[in-house]
């Protein structure tokens, strides 16, 4: 059986769903609008739902100008075509941010999780500088099956939440901040050094990665449920 | 109700199990042997199972010299007292290493997971330099509910595995290596930049953190099973 | 009037008290035991109280072997001779630590503040991983005129406290931790990027600097009181 | 009693003044003009004075186009609405810069301090390359209750001043400079390693943070005065 | 005999072919269009084939506007004039990329190798996240005399290939990626720390250097063949 | 006697010539065109020759639009008004570059040295990749009283020259290069680690600093001559 | 057919010779003496020649105490058992060092190349600070089929040689040096940024990797010879 | 004429005095005691004065045990044999340190300068934290032909002095300090970014390099005097 589709400049990993349990996704930067169009057409032609990440407005505009049936979200920069058929995870993900500037990354995480079948609840601007805002939400957050904590600057949110909940916490450092935030290095280090247990970290601004990670967890939970 | 026990130089978080679903653990470095003894006695006195991490031989020797009922594993440097009562996760964790030098960190991860109730299967020295060694094991690894990928030097193991399995992968960079490995920075960056989805990363050499993280996932899976 | 005492390898800044309002201090590393002895003798001879920082046990032992009237504290590595005559600040400093491994730095801060006339109250091991421990103490901490927040690893303590108190917070990152803590760089960056206002930072492990800083603040407050 | 106002994408910390003694402030970057408008309207509606930092000309223009009663200062990029009622600190802050290029950050510091009730005196372009310029001003600087030392490039100003005054010095590294200044890293390190006592540091270009910090000190002095 | 041509702002190394066995090349950045024109004219005048690297569209446009007989490839940004006379290497180079975003660098490598006489076969988008794509090609890759492995982000491709082939592998890290990829530092470190033997690394995005390096190898092989 | 002129946002160090033997200079970045105009007018009014560094075309244009008698060199970005009266150094400076892209920095160095009275001879594009180009010039270079070696990328030029000449070598790393050149860090480190003796280094791209440094040397030589 | 031998803590890649054309090697650090003994016995038992790298004196002593037929070289820290049967490369490698302190790494490179069948000629202490030493040897170096250039501190040797020879140059940065050499980072960057073409770089102090790399090249040359 | 002496592991650059005007020196680290002995014997045999740098006590002891006529200074770790015959520079060098911990590096600088014929005057412990100590000495310092400014921690000394003297200033950052001093990186950056003109920098702790550099300047001055 064919494992991938070779279109020259790219090898579409069309067997990924079978191998990793998750559908297709495309990393858009560094692709010309034409290349992206060719890739998306191939997926659409196969009837596969597909998620494009970090899609620029220019790329999205080119696709729409060429009448591809895609949706584009400006905040998260996510491009989608088709719908995942089965909402099989039925899990609940709490997506929290330290501030308002972290929202684009958080939306990338939340919408990615939703694309792959999870339910996402947003708790934005609950950073530790005014920790009562977090406590006002903590009971809701504790109901989630997984938390995605998105924060720039000092990035302390993930560790504080991890000390307050039972479920796993995926931490996403963001490049929000200035000076010694060093484009996300500061929150990245904070999150890696979290004193609280139960935190694991993805790349700076990688909301997509966080969204997929929690879906893998929920997927695993579902499989064990069905054993 | 009392939330922690104050012994002056430390506040023992005796309510952690209720709050985060995981039992007690103690970070041993920076504590004098006497301080560690006081802490362990308090936990033992309360009948709580407790896990000490990064315990030096000198610290462990002092505790045994003082007849505390503790166990010490030289490879993982884990110190344990008591046993977690309920092996409630019933989950299966595959702990993989790139090389032999990564084993101490991998054992810390595996034994931590076991301490908190999971079953750990070890796949050591399956690094990508001889990738057929990984393929010889991949079917077994695919059976796990979660993978812990432990690797130093280039650290590519986590990403390669993540592209081959359905379950979540927790990546642990190690300080094994020299020169431009920069004490674990190289594999840390590799893992954070993994092209494969479904990877999240803990601190360099933090086998304990990986072990707890997968247990939180398995715990969550168990809770959803019981809903 | 003479501004300093020249003893060749060092120029003792004996006019510092007049110029900056604080007494003498000596940075001990890099000085031979003999050099340190000559310096301390000069201060003792002049009847000045003096504080030596980061003094090694070997240096302290040499001084005592030579019968100098000095005191040495092993935890903080502070060396003292004489007593500041006037306890003129009458201010209250809360010295908080994230964990037990931060205590040596915290003691350096607390004892420095005490040497220069402040009253220090210690709140150790109140890190954000178990934030209820901090909340149990927060009312006491809020009574202080200044807070010194000492933390390694993620270093989030300073920012969380700053969001909860009115007084200025001096943050001291420590080198406690491993891996991506990079010898204190991680908490240093966290503290510099604190989202909460009212935090300023001193060098990694610089408890002495934090102690002096809060005394300058209390001293200023005293002066304004007397205007 | 209500602790904050939830407007979805942000949780306005309207209880901050009661908790930390300082009024409201808003970090403008990463907010859309519309989001910023909503936030400012909420504060204005409540009659609260509020300070917006790092506001872009585009953001400020949008607010004025929508007839919000705000003031905008192009040099400091500060946005203000309303006036703090009580000028309760009565303290004097000396704001010094190494060069002319540091003025925007210094103005952010000075105007922030003024917004929160302090009196700021400016001493610009007194860097150590021509140290007689500093000495010509030092008597005036010594009269202040606190010094804010703003410098890029080598950043030596803070340490030199701290050796000449009694009051606390808040150091602000700036990104002025090129090459091995690394966007402010050089002066940041210089300031953290200051040999003089009585210096604490805020983030690169964080004039706002320095302004708030000195106000916290002055506020504390005022409280102790009234005891 | 003349060793180079001095045109004031540049000394054209016209004896390079004799000394190092490879023809001329010109690094275009930092040269004004006029300077580049003068240099190219000199080479063209001498009848030498020459390769310009990192040529901007503006530079290339200026040359064409001035009717210089040059070719320009937008993807690789290579500028060429003339043809190397002897295709003397007769070697086969496999140029592989991790993803589509690495293609410009890969094309620089492949076309450089071709310019200097080698035959290049492209295998694009065979990164380790979907390792079956690499295995589908590995037999072809194994036929090459040298491999150029081009990858950004995690950069694991080079090490995995090196473990599967007999020939030398030149690794080219690219700046494709974001966040903790740090502009190519992450794949650079990965490649330098490759556990597999037989990998050597060139600068980030330096496809040209990789192309020359493999040609030197092939050239050497040819010379030993003729001994 | 007046030591400097206070124009508010700047303190013009008009006594510098008397104190350091060198005339005035102005660092232009971070100054508004208006501020720069005020500063230049003050110097021109006093009849002092002055050198402005890193002047943008916009700044220079504003000055000329306002009819200030200044000269502007686009390559070096130097702005000058007036002429140093005495060409008192009579020294010879060899300004060498590794490549053509280093010329702007080299011109800044050469023209600065010329402004302060030295004679500069340029040897451009003599980098070590074709070391015979350097050897063709070395006899001329050896006649100089001081060498300024300007190089980006690997930056090896300074050390190689220092091993071949008797006079002092001032090394200027440049930001020419890409990838792991890290904006000049690579040549900076190379130059600092030069195995050859007789090299000292200035900031990345700091041609001005190198020019002044050699003039200080020549000035010193002149003074000793006149003793 | 069996692809590797599984001894639990290690998977011996006994098929490597077939797959990559090179024999076995073992990275010794991080292995207990007992583990190393088990591994070496397995290879010896199979009659395979094997090379151990970075072997400590303690490890080597343990093996000899247990009568394993191994050889140990203290300078290169290489451990060998058996002999490669076929000296099939017949290639000539010039191993050059900048200084005497680079010799251990150079010997690791030279002896590795010799182990795998090449002939190594040593040219030590020919660094660029006294470049006539290099020129005295350059004719000999030009006769080699490949050059390994080993240098610490500034690391300029590789680039200078590459500009003078036709064959490929493998550059090995070493940790020899101090201060801003940063443990080999300075020569690593120098080598990566080499202006001369025909240089590729291995990890800091990785003499072994350089030795293998040149053997792969020679091996490839041999294969093409036999086509 | 012979250009160097080849003793296998080293090529003694015996023509250096003729080429660069300075005598011989040997970098001792990384040499076995036996190698160092062979080198020194060769120089002594030739009647050349020679300077060994960073010589360990063990190395020096071995030489003396073997009756070589060498002198060793423990503070500067300099090893000398013979005496430079001509004290031809007759220049005056002021060697200043920020603190006592910088003295070893300063002595290396001063004694190197003295070895090569200059007169060195020491001004130790005149750091900017108590700047009156520097002013008490500044008239003496201004009499020097060159200044060597040695400082760790913040490293501001060099820039402050450069603003006060006419002669060139060579800055030596030292590794004295802790935390964010990063082994000398902080003072290195401070010195490279010095706002004052007339500063050039050598490697961290490189007192030797500074000593040679000023001698090259004095030597040049002497040559120009004799023209």
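For reference, chains read A, B, C, D, E, F, G and H in written order, and residue numbers begin at 1 within each chain.
One rule holds for everything that comes next: a residue touches a chain if its C-beta (ideal position, glycine included) is under 8 Å from a C-beta of that chain, and two chains touch if they have at least 3 such contacts.
Note that the structure is predicted; figures quoted are calculated from it, not measured.
Colleague: Provide the labels of all chains in contact with chain C and in contact with chain F.
Modeller: D, H
Colleague: Touching both chain A and chain E, which chains are there?
Modeller: Touching chain A as well as chain E, we find B.
Colleague: Residue numbers at the chain E-chain F interface: does the shared fraction exceed half, giving same, or fall under half, giving different?
Modeller: Chain E vs chain F: different; shared/all numbers falls short of half.
Colleague: Roughly how many whole angstrom separate the Cα centroids of chain E and chain G?
Modeller: From the centre of chain E to the centre of chain G is 25 Å.
Colleague: What whole-number Å value describes the gap between the mean CA coordinates of chain A and chain C?
Modeller: Once rounded, the distance between the two centres reads 44 Å.
Colleague: Could you list the positions in chain F whose residues touch two or more of the other chains?
Modeller: 19, 99, 129-130, 162-164, 179-181, 185, 188, 192-193, 197, 203-204
Colleague: Chain pairs that touch, all of them, please.
Modeller: A-B, A-C, A-D, A-E, B-C, B-E, B-G, C-D, C-H, D-F, D-H, E-F, E-G, F-G, F-H, G-H
Colleague: Please output the residues of chain A touching chain B within their complex, sorted ascending.
Modeller: Those residues of chain A that touch chain B are 19-22, 25, 91, 145-146, 162-168, 170, 188, 192-193, 197-204, 208-210, 212-213, 216-217, 219-225.
Colleague: For the complex, which residues does chain G have touching chain B?
Modeller: Touching chain B: residues 3-4, 8-11, 13, 15-16, 27, 29-31, 35, 54, 173, 175, 183-185, 188, 203-206 of chain G.
Colleague: Per the contact definition, I'd like the list of chain F residues that touch chain G in the complex.
Modeller: Where chain F meets chain G, its residues are 98-99, 127-131, 153-156, 159-160, 162-164, 177, 179-182, 185-187, 189-197.
Colleague: Which residues of chain G touch chain H in their complex?
Modeller: 99-103, 124-126, 129-130, 132-133, 136, 176, 178-181
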